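Below is one structure, written out as structure tokens; the observations come after it.
Chain naming follows the written order as A, B and C, and within any one chain the residues start at number 1.
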């Protein structure tokens, strides 16, 4: 594993990555996938380094994924309980982060409800910042773990058709995936109700469909987005029942995609809302493989930002 | 420490253990008791292994006991905040566990309010499952740490009389202890109000008493159960005052047991509800020794499930 | 690093430290400051030792500072979630600590709302107790990290004038700093409204001022205290607006101190309540250096209490 070609100090979004960067992260992640299948899953690449999870939104799975990734690299991981410490005491994000930085961590993994929060940190922080989701903006490690999963299935990341179904407007997962697959030159269909898939997205070079069958026709990858009740998406469609009628995917609808197509979801899945259960549990679904790849991709990102070169497994 | 004779993949309950299994766990725990008295308490037996605490009920002491046990074996421990992640987002237990398992942990320690939850996990999970309490069913590490404490005091686990006092009906601690001491051939008395000690328990080979003095007569071990206000036990007796009048133990009542008898409680103790304070603080009580043995027994269980053979202390 | 001259079993307060103890802690901390600037920040001095954070008051920054300090010394750190485990189940502080101690930790770091709680623990506990704030009594590691910051700036800890501004009455930070600088023979001014700076403090050898300009005249160090809304301080002054009018510091007022004076605050800072923002962000402020020194001082304290002698970096 060499990191000579990774020139980024932070991982803020797919927006800032070159195709080379993306490929380097995925190749590095592939080597960590191998480690994760071993009985002893640990490498000393980040020994003595401190990684802080600074989460202003609750997300056990993403937080735990970064925690496991950091520990498998032998880093010290600190869960900094952001809301209870700072929001309730009226401290600004900047002061919270400056205080945290004064403790000399190497990497801060930030989840924050405001779009642009991770980038804002880099204007004053000395640590490497990893964006673990900022408002409606980006969630780059999700798009990267999705890309790793796609690469494992198709042995390539080029010449593919990707359909993304659901609340595109409010989805940082969608946004990061759109940016990634545009850089790789793949075809992208966006599918959802007009209120959640505004035509402005066509300016990003995507095609928009309001009919799910039509949209996923010939797709290699179908990505279903989570219905984010907690982020007020329900103001954008009449009811869950109505949403399901038009945009829940089942085996019949999925058959409009290619025979070899795979079904993805960033989790946690609302069964029988976004995906009908028998399809979710079929071999078309790679949802759990996405979770597994999340560890490897996050190990790769932490390693490329702060890891030591040419360490061996201990 | 050899593990050649431990053939279990999981620890779901005393129900599934042979007498050999129980003896192997206790012998292994005894060797870890010795480590816990050292100044450097660490062994590398689970280095590079990931243990997850998945607790759907709050229990700082049991959670911390498993955390300390895992860390003393050099495992990486992840506290997966179950309620906030899944219950609030409407995810099923199965989906939560499948997601967690996709991160490739070696052992999942589960506490869950539903009886049978741990066993249910083994129908689909690949990790080793350790039951840290499932509803009214079992709490096997508690019965094992109790057994280790008894063995240390009496130098044997046979030919003993054990009295269990309190809410037998709702107690997984009682159930696991009854199963364990039946396997070992010990005499068991169950003592409490008829509403909390139904006659059906006699089918398990125990004797039932509604009078505490009569029940503990000649006992080697008196186990007091916690009055579980939080699990609605108070619907089963008129008041705490009434309960105390008949089932709180004090020095006078305890004298009906053997001279050499010991007093146990799974904690946390309600002083002057289950046990009168001067007795709780006397040398009859082994309550704190039970806590100490909790670490050793949990180390033994984690080690026997996933540890490496013949590792030395580093 | 030698510890032969540190004879304390606990760190309860500055009150119990000799000038030699204080100097030894600060010298040890200075050597850990050097480690914190390295790329690999870890030493094995507490390998195999267990440190428990037992916090009955919420404080992410102090808790995290001890957590990072413990991990940089290679200790296992357990966050024992005190309120949820014991207060809600009606367990006494003594029983909580005795239970925790039965798990054989080496050091318990206690924060508790009751003055004297840390000392109370030493009447029965076998672990080393570190007071991380007890009611209105003491917060010794804060005064020690303040002293380290002062020493770094002035190359001495003698012959200085220190002004402390704000709610002296309810501040354990003020109390620990007063005790420390009295032992070192420094001049101490206390400044605030009469309701928060009772004349009794003059018995401790300090001078009291109700006018901030007069009080800080000629000071080397100006320590601003946090307005503790959560501890009811607002009953002691009419309004935040009124408080600011008389006791908020700005560049103009700060100019009454010496040219070389530094500005300190224990954090988290209420900007434009205690300190006007442009002053807080100026090079007069050493607030973030205080946070950095917090790690080094806490490493020193943990090390002096339980560290191994003459270990090298691994």
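FYI, contacts are C-beta pairs under 8 Å (C-beta built on N, C-alpha and C of every residue); 3 or more make two chains touch, one makes a residue touch a chain.
A quick note: this is a predicted structure, and the numbers were derived from the prediction, not measured.
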Shared interface numbering between chain C and chain A [over half = same, under half = different]: different
Superposing rotation of chain A relative to chain B, computed on C-alpha atoms, to nearest 5°: 120
Distance from chain C to chain A - Cα centre to Cα centre, in angstrom: 40
Residues of chain C touching at least two other chains: none
Footprint of chain C on chain A - complex, ascending: 47-50, 76, 78, 80-82, 84-86, 89-92, 95-96, 98-105
Sites on chain A touched by chain B in the complex: 36-37, 39-42, 58-61, 64-65, 67-68, 71-72, 230, 267-271, 288-292, 294-295
